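Heads up, there are several structures right after this.
Presented sequentially are two complexes of chain A, the first with chain B as partner and the second with chain C.
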Partner chain A sequence: MSRARVLLSLLLLLLLVFPAFSGPYALSVATLILYFAYTGQAWNVMMGFAGQLSLGHSLFAGLGAYAAGALFFHFGIGPWAGVWLAMAICALAGVLIGFLAFRFGISGVYFALLTIAFAEFTRVGFDHIDWLGGPGGMFLKVAQRDQVDLLHFRGPPVMYYYAMLLLAAGALAVCSWLLRSKTGYYWQAIRENEEAAQALGINTFRYKLAAVAISSAMTAISGVFFAFYYNNLFPEQIFNISRSIEIILGPVIGGVGTLFGPVLGAALLTLLAEGITELMQALGWEIPGAKQVFYGFTLLVVVMFLPNGIWPYVAKKLRL
Partner chain B sequence: MTPLLDIRSVSKSFRGLKAVSNVSFPVPQGSIVGLIGPNGAGKTTLFNVIAGAFAPDSGQVVLEGRAIQALRPDQVCAAGIGRTFQIVKPFPGLTVLENVVVGALHRTGSVREAEEKSFQILETLQLAEKCNLPASTLTLPDRKRLEVARALATRPRLLLLDEVMAGLRPTECDQLVEVFRRLNGAGLTILLIEHVMRAVMKLAQDIVVLHHGEVVARGAPAQVVRDPAVLECYLGEETEV
Partner chain C sequence: MSLDLVANVVVSGVLTGLVYGLMALGLSVIFGVMRLVNFAHGEMMAIAMYAAVVLFAAFGLDPFLAMPAVAASFFALGYVLQRGLINPFIARPEHSQFMLLVAAAMILVNALLMIFGPDARNVQTDYQLESIAIGKLLIDKARLYAAGAALLAAAALFGFFRFTLTGKAIRACADNNLGARVVGLNLRHLYALTFGLGSACVAIAGCAMAVLVEVTPSLGPGYTLLAFVIVIVGGLGSMPGALLGGVLIGVSEALAGLWIAPSAKSMFSFGLLILVLILRPQGLMGKRP
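And now, the complex of A and B:
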């Protein structure tokens, strides 16, 4: 086994036994880390692998959350069915945006703006859908929190932790496989030089659409998790551009296009942000927006000193 | 015998500037045809039309009897035409081997098989020792060879070479000439744009000279270089002093 595999197995083992030693607060922070690691991984498929910058991934998280949430809220159908609907809707939405953009040669910054636009008008649109609660939000019934009800994905925090661990580990495995597949090679070729990729026989339109579809469907799952973990959904929050930024900060700081970057980035950011919140509470300070300022500062430092992200640097130090 | 590639009255303008004007010539199966002409003569534009990067304003590009001028670049590649770029376009973040694998995957779904094929091609082009380096670290002559390797990996029947000899030392140039001769011997048809006359004269059986987007001469190398029209477009008109 390679060093990388040994270290990864150790980490997985550690995460598996973690709930046995942690308190409820540490468990919630760990769940949040895994949530961002997973969602960052999903975003990374599109930007890191295929080079298509989305700044509107909150759209897919939101659509996924509302799709599964509404099925549960109105019809009592649990997330195991809802997740498929969520993935289908998000993949479709992603393909629609991708089709519009790639068909008409919109790329780079303009493509990113298009993704923001879709997220924004969906946010505004959802404010007017009364069936989904409108601006007042949709609230999923919260059952007792001590029994594990896997069928309806209801249970104690530790159940959510393991679900998220499974998702994050699964996404890492899937992405690792994708990156080494023909599709992964084609994505990277498109990312590095689209014209040359096309000259080598790659149908760039189709492969870019595939990247968007896979990335948005993966993000849908994180939305479903969000709905059933937090039990309340507001368009103003879940479709907000700040959510999109939160999603991409992990992979950007960890290393865009790397497999472990999103995981490392999510861990660093979440831990530091929680640390700062704790510190300010202890000091009795109340500064609104301090977390955002901190995110901005971290991004600045990473961009200045490690523009490829922290993971490539760490990987080199660990001789992976 | 129908030629492998037949350029029929191809014209292409950019905002009124005629880059390629009514150009016709055949590329016979199994031949090496040289395309020469001064800078700005329209050689690369013609390549881009053949490769599907530009649609011609009029005329036809016919590959084995099939008109291909309306195809996208990836479809032209699938039809059997491989190309290199004059201004090289490597995938800088990928290794040399991975660059070629991308091309090889066009004919196989298996990454392992593509890697084996790619390594063989890199050996032919003397890039095998550098196969694990990022393409961004290569020198320009190596990048040109990488262009060739990538295009070859798609297993074309016709290879379009756009100034791949530029910047090579004479011995390196001769080595590459040998490589192309061997590939040609194995059945590959080649259309090359080249300024390095040493290479053109050794390789091409037939030379087409473009000037201001038009064909001004065509024929065997020895004959073309003595053609007054060719001398004129390269050196200017001969005048009595």
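And now, the complex of A and C:
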């Protein structure tokens, strides 16, 4: 077994027993890390693998959350059915955007701005859909929190932790498989040089669409999780561009296009944000904005000095 | 609904749109020359608005008179910022540039929040309540002045790019980067100059806008998005396009606010953006890339 696999197994083992030793706060932070690791991984399929920059991934998280949320809210149907609907809707939305963009030769910055435009358009649109609660939000019924109701995905925090762990580990496995598949190699060829890839006979249009579809469907699942974990949905929040930025911070800081970058980035950034909050509380500083200023400076330093992200650097140190 | 009301709304939309256009002009010039999308554009705009508010509160300086000073300091700031922070990122991939400017935007917006708090501030002058009547048209004086200042600044920028040697050199960088280097243009200096000019546009637009709306730190991201919509509709990199886009968006926002719902007005702009991107990705006045 390679060093990488040994280390990964150790990490997985550690995460499996983690709830036995952690308090409720640590557990919620760990769930958040896994959530961002998973969602970052989903974004990475599109940008890191196939080179298509999306700055509007909140669209897929939001559509997924609202699809499963509405099914539960209006019809009492749990997320096990809802997640399929969510994935289908998001994949469809992704393919539609991809189709329009790639058919008309929109790429690079223009494509990124198109994804923002769709997310913002949807955000304002959802504010005017009364059936989904409009700007006032949609609130899912919260049942007893100490009983595990797997059918409706209701239960104590530890259940959400394990669900997210399963998702994050599963996404890592799927992405590692994708990256080594034929499709994965085609994606990387497209990312590095689309014209050359096309000249070699790769149907770049189809493979780019596939990347968008897979990435958006994966993001849909994180949206469903978000809906059932937080139980309230506001268009202003879930479709907001700051949500998209949150999703991509992890992989960019960790290392775009790497498998473990999104995981490392999510862990570091979440811990940093929580650490700053704790520190400010301990110092008794209550200045609004100070936390984000510090956070911003950290991001600035990382992008300036580690342009390829932290993971390639760490991997070199660990000799992986 | 009377025709007079519609005409009034359209005129006010055009005037506000010209200020939007000047703001977007800054973004467009920066993108046109160095192919960099300034994701901190609206945050810079918010800072300019605060500069106008602070100068007014401290010295009673009218925002229109404060324009030269704010523009000059923004020019210097933009020059230094480009030279020190942004220039190494020109050759890097887009997501890297995006991250840098998002981090910068995050710092700027929250620094404003730290210094000024979340409460709205404004500038109060006597001409803000006055208006000029032309027939049945009522035009706000403040809006008219703001649009006039925006037009003047834009005209000065056009003149600079058309008639001065430095302006021509910058256009040369935009048209043919390799060629510009071959003939020995100092790209670092010219890029920094461009960023400074773009920032100065934002400064003037910000001072003008401070007279029209209340100023809060949270304005930044909204203005960034607005500037994107405008330059893409008008054509990224096209200078007349930015002004035209500004006017179009100004009018469409005003009409959407009148006919549909004020909260739906940005949906209208984003819908327009999606249509333009798909049907004419180079924008209304842009050249085919």
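Brief remarks follow.
Heads up, the rule we're going with is that the second predicted complex is superposed on the first by the 315 of 320 C-alpha atoms of A that agree within 3 Å, B and C clash if a C-alpha of one lies under 4 Å from a C-alpha of the other, contacts with A are read in each partner's own complex, and residues count from 1 in each chain.
Convention: a contact is a pair of C-beta atoms (placed from the backbone, for glycine too) under 8 Å apart; a residue touches a chain by one contact, two chains touch by 3 or more.
In this text the structure is predicted, and so the values were computed from the model without any measurement.
Legend: residue contacts after superposition of the two complexes on their common chain; A:F225 is shown touching neither chain B nor chain C. With both structures placed on the common chain, the touch criterion links A:E120 to chain C but leaves chain B unconnected.
In the superposition on chain A, contact of A:V256 is made with chain C only, not with chain B. Looking at the shared chain after the overlay, A:W43 reaches neither chain B nor chain C. Within the superposed three-chain arrangement, the count of touched residues of chain A is higher for C, of the candidates chain B and chain C. In the superposition on chain A, the residues of chain A contacted by chain B and by chain C do not overlap at all.
Those residues of chain A that touch chain C in the complex are listed here as 47, 53, 55, 100-101, 104-106, 108-110, 112-114, 116-118, 120-121, 124-125, 127-128, 135, 241-242, 245, 248-249, 252-253, 256, 287-293, 295-297, 299-300, 303-304, 307. For chain C in complex with chain A, the residues that touch the partner chain are 35, 37, 85, 88, 92, 94-96, 98-100, 102-107, 109-114, 117-118, 217, 221, 225, 228-229, 232, 236, 261, 263-264, 266-267, 270-271, 273-274, 277-279, 281.
Residues of chain A touching chain B in their complex: 180-182, 185-186, 188-189, 191-193, 195-204, 257.
On chain B, the positions that touch chain A within their shared complex are 51, 53, 72-74, 77-78, 83, 85, 89-94, 98, 101-103, 105-106, 109, 111, 114, 150-151, 153-154.
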